[in-house]
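In this document, chain identifiers A, B, C, D and E correspond to the written order of the chains, with residue numbering beginning at 1 in each.
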Amino acid sequence: ADKVVLMLNWYVYGEHAPFYYGKAKGIYAAEGIELEIQEGRGSAATTQAVAAKTADFGYVDVPTMMRAAIKGAPVVATGVLLQTSPMSAMGFADKNIRKPEDIKGKTVAITPADSMTQIWPLFLKKTGLKESDFKTVAGDGQTKLNAVINGQADLLLGYVMDQSMKIKDATGKDVYPIKFADYGINMVSSGIIANADYVKANADLVRRFMSATTKAVEAAEKEPKAAAQSILDANPKGGKIDTLTQGFELTIPLYRTAETKGKRPFQVTDQNMTETVNLLVEYGGLDAKAKENPKAFYTNDYLPKSGS
Amino acid sequence: MAEPKPQHAVSRMLNAAWVRPFLFLVFIVIAWDLSIRLFRIPAYQIPAPLDVVAVLRTEWPELLRQSWPTTYATVCGFLLSALFGIPVAMLIAGSKTVESYVYPLLVFSQSVPKIAIAPLFVVWFGFGIIPKVISAFLLGFFPVVVSAVQGFKSVDPDMVDLARAMQGNRFQVFCAVNLPHALPAIFSGLKVSVTLAVVGAVVGEFVGSNSGIGYVMQRSIGTFDLPTMFAALVILALLGVVLFWIVDRIEKLVIPWHVSQREDVIFAA
Amino acid sequence: MAEPKPQHAVSRMLNAAWVRPFLFLVFIVIAWDLSIRLFRIPAYQIPAPLDVVAVLRTEWPELLRQSWPTTYATVCGFLLSALFGIPVAMLIAGSKTVESYVYPLLVFSQSVPKIAIAPLFVVWFGFGIIPKVISAFLLGFFPVVVSAVQGFKSVDPDMVDLARAMQGNRFQVFCAVNLPHALPAIFSGLKVSVTLAVVGAVVGEFVGSNSGIGYVMQRSIGTFDLPTMFAALVILALLGVVLFWIVDRIEKLVIPWHVSQREDVIFAA
Amino acid sequence: MNETAQPAAHLRLVSDRAAGDASGIRLSGVSKTYRTRDGDVPSLRPLDFHINDGEFFVVVGPSGCGKSTLLKLISGLLPPTSGEILVEGEKVTTPHGNVGIVFQNALLLPWRNILKNVMLPIDMKRLPREQYLTRAKELLKLVGLEGFEKKLPWQLSGGMQQRASICRALVHDPKIMLMDEPFGALDALTRERMNVELMRIQRETRKTVLLITHSIPEAVFLADRVLVMTERPGAVAAIYDVPLPRPRSLDVMADPVFTELVQRIRKHFFSQGSLD
Amino acid sequence: MNETAQPAAHLRLVSDRAAGDASGIRLSGVSKTYRTRDGDVPSLRPLDFHINDGEFFVVVGPSGCGKSTLLKLISGLLPPTSGEILVEGEKVTTPHGNVGIVFQNALLLPWRNILKNVMLPIDMKRLPREQYLTRAKELLKLVGLEGFEKKLPWQLSGGMQQRASICRALVHDPKIMLMDEPFGALDALTRERMNVELMRIQRETRKTVLLITHSIPEAVFLADRVLVMTERPGAVAAIYDVPLPRPRSLDVMADPVFTELVQRIRKHFFSQGSLD
């Protein structure tokens, strides 16, 4: 079997369930792939690792990959899994912040220049808010959580399936996310990336890998709990089963947009990608020359054709 | 002239070798517990010591297993620091020209936070032990150099003359006079270095490793598993204390002649 | 007895005060450029020096503005290190009992990576300057203590006796003999401390701050803006070099009597 | 010489009965053993003697017999292994009273220039600086160190350092002087000049002086009484009265009492060792 | 004494013409000025003299006149400000040849025990350790330090340290000995014994010895020639031949030639200073 290393974007959490599930169910083995899953330290680091061929595939935030690619990193997305953005502004449910207007006069915790913070101005524009309507505090991921938990901030910018779970874990209280996607911001998020040269040299292997991954996602979608359990089986210290399950369940709706409803996973539309690139160029500090050829960043060529 | 009489029995008891580490641990736990109660620190900020102790009890085989890679990386990084730091210090102390070029370079490299450049190590050296060792080395290196330079430069020129007059070559003179004279200073550098090497190894694990205490810590931060995270911190701290103690013992063996090793108290009654 | 004759003119030129920092910068840039070319490091890993210089040129007002908070936090943290470190070292050197309890405690606290506990500072002290100062202080504190303890303990007991015989009280004896004797060691600790304080301040900014070089750095990591990130690193490194140099100057002023300050070369020809 | 008959007054061993009062320095049963890692080093056998107030007391003895140890014991810097030391009636446990000490090696603080080194006792005792500054400068001039006030110790020759340390012991005009071979590194002329100066100062200010020396003529020239010690571990071999009138000039060295006493003390040494 | 008439041979200033060969130590126009931050300190005025091979050459002079500086110049540890020094015909620029030095302070390395301190030259010169170990122990015994081999320097008395440093200078049996007040901290008996020993060793091994001392009788007792220096900055005041036959015993001190020479040298000192 071919040995393949997949590096995740972060330490394992609910979103990663399909990979573990696929491995546990022998879906990868069936395609002749011996999969090794590496935990990561952020999308940027994983992208660099893939570019440097330290890992074969990466599961990263695709916009982050685009920024690296435009700087010359030889990486390409061979499948975009989260076609809807999980970005949201969230606070404790009992604070009753449910609409953009509720943010007025509140304090928002952000991490400087992370993907959410970059899109944040667009969200404000779309919802008619101004920077002066609220206060901002900045810190790293941990600080953001702490700030909300301790009341130094009312909201934080985070992913629906990630930070909300952590806050709930820590405090037992529910969190209400205001999703950016609900306000007309269409942007892709995580996907599978690989080294461009590696893809050329191993076209068949990439095809098999994507095929297996597609099947793994489909299988996991149907059995969220079992999929989450597979994380713990491989990784006994990977978290609590409830949190992992809930986190994964929150991820599933992000797999498809209105256009790709009913399709198999990873079948991202060109329009969705172009829109993402345009948004990133305008708000996300992506170099303007990215607009010239959005297709350079991704390919659906290695995905299995619809059907099975 | 040592301590005043009345406290003698008590202080001797408190100083008995086997009592100290024990008392010390008890003290830490109590201070911890007290400050949690006193400042009303909620459990999602700092867990109660008992929870941490529980984790340490139930998870110790796993924690022990994870501490080996960290210990290994720390020790390697530390040894590299000593191995490179002392000769570099030798060169710096030996020549003003070397000093004026190499020293700023070192300082330059030191003020860069390792956590910011550590991801590059991972890119270059992968996820193995190497990035951790490098990270530990980079943190531990500088204190050794600075202290050793100070030690080498503080030597009495008359003593150097003494050895020179015996036609010792530069290196012999160095080994006979400068090096032993600098040993106390070097050891003080090594002591700082060894604790920083622990931090360096963990930082290395933060950015790229799937084993080690740093990994355990980062993962438990992710799942908000504070008792495990603090258990990892406790283990790190203990690792630092043990390595520091080992360096201290070696110092006692290597420089028995030094004033700090004489039996009397340094400050008089 | 200093340098051999033939090199004299060249080495004097190379050592002229104004040439050195300039040469030093040139050297760094060249080394950087060379290693990029030599190891074929792609621009998305390490940017070319010229790109970084370009950022430094165009963005310098912003970068300058952002370096003030970092500098301020560094200096405050460093001063606190010195202010607390020296008295603590005094106590440790003064009493074996204090040593056996306080020292392990310090080591214990040192081996914990600050980056792991810094988020708690933000929780307790908010997003202002305080967590940065504390972080800088915590990193800078230990080297001062260790070096000062070594310095205090190395003093010639006969000199202490001399001052004691004049009926100086403990504190006077300390100030007249132990402290000046320990100054060279203390300064070596301060030099390590000041570079670590820079790192500490930046770590503080990483975890929670709206300004400072650490903030710039984190922002540019997010946008994959490597030239800006490296510009920030260069500024940090320069900050470290400048602060180190200041400490070195102060050392020269404070201990003109020390052997290391004599004009002759330490190692002889 | 008629040694076998009635010995001359100065050659008699002096009985060590002091006036019963509480003045001076009194040692009873004082011994010292250094404990080192590789066994004990006995340094002083129990000593009993006393030094009267205002007396010039000189100690001679072979190298390593415990003279410096004795001085440290009396100054309160070392605790005796047994016995007790009384200074002006009070038991010595820590450094005490109004004492000036010259240690065997000059022991100047390398971070103070010569003048500041001399002023050290003033700083330690918090005496008014200005007042003693002129005195310090005068003393430096007296010992021939004018112009070296601002130099650092390592810029002085061995003998100059020793002279500076003598100034340091004298600057606060102490009641008791303890001097450990203060003139060892001085040339003959300077040494004699310093002897005369020290004698003058002692007479004028009625100091109690304990001086250790290796020069027997110097001992006899300066002393009211001379203590001769045996080899290590040191004990009292003899204590001699020096019945030479004061003030003494260098001419006294020609006095037969002087030469006879010097001869007598020399014999102590030679009876222990054997010259090849 | 008939000083005004034809002076006795030993009282004549010796003309400093050496045999034209390249042996011994030759100084021509050697001067030294220390440059310090606050101005220059002239320490030696230009000196011209030479020391013959196998000669016992003693230097006396007032404290601070530059004797130690002279020794450091000859040993090659300090560069002269002007002039040049030839040792066995070769110009001195760095420490050279087969030399043993006793510095003014004992300068024992605190991290070596006494025996290892004595063995230092063996280590520096990479001579066979075993062979010299017995010699080192014999020397220590000779100076009365038997049983202190394993002690650290600070556990010894001042005089004992000085004796150890003499052993260190002798252990490798050097051709040239440079000794800076080697017996300053020794008591009269030990000192005389060491004088005799040193003289015996010098005679037996035909060493060239340059010895600095403050004791004029010692100088005359030991020396083939005595160099008298003036006050700082030092210059040659006179060089005296000592026409006493060898081997000399301590009895030579009663010889009128001896006493006369001592008197004569003393006069140099007293003509410069003035005794109050």
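Everything below uses one rule, namely that contacts are C-beta pairs under 8 Å (C-beta built on N, C-alpha and C of every residue); 3 or more make two chains touch, one makes a residue touch a chain.
Here the structure is a predicted model, which means the values were calculated and not measured.
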Quiz item: Highest contact-pair count belongs to which two chains?
Solution: B-C
Quiz item: Quick one: how far do you have to rotate chain B to sit on chain C, C-alpha fit, nearest 5 degrees?
Solution: 180
Quiz item: How many angstrom between the C-alpha centroids of chain E and chain B?
Solution: 50
Quiz item: Quick one: chain B and chain C, Cα centre-to-centre, how many Å?
Solution: 17
Exercise. Please compute the C-alpha centroid of chain A, do the same for chain D, then give the distance between them in whole Å.
Key: 87
Quiz prompt | chain A residues counted as touching two or more neighbouring chains | solution = 44, 48, 51-52, 142, 146, 150
Self-check item: Residues within chain D bordering two or more other chains
Solution: 94, 105
Exercise. At least two other chains touched by the same residue of chain B: list those residues.
Key: 45, 123, 161, 164, 173, 206, 221, 258, 268
Quiz item: Inside the complex, what are the residues of chain B that reach chain E?
Solution: 158-159, 161-168, 172-173, 176-177, 180-181, 183, 255, 257-258
Self-check item: Parts of chain D lying in touch with chain E, wherever the complex brings them together
Solution: 34, 36, 38, 41, 60-64, 66-68, 104-105, 144, 150-151, 155-160, 163, 181, 184-193, 196, 214-216, 250, 266, 269-270, 272-273, 275-276
Self-check item: Complex contact set, residues of chain A against chain C
Solution: 44, 48, 51-52, 64, 67-68, 71-73, 111-115, 117-118, 136-140, 142-143, 146-147, 150, 152, 284-285
Self-check item: Parts of chain D lying in touch with chain C, wherever the complex brings them together
Solution: 72, 75-77, 94-97, 99, 101, 103, 105, 107, 109-112, 120-121, 123-125, 152
Quiz item: Tell me, which parts of chain A touch chain B in their complex?
Solution: 10-13, 38-39, 41-42, 44-45, 48-49, 51-52, 54, 142, 145-146, 149-150, 166, 169-171, 237-240, 243
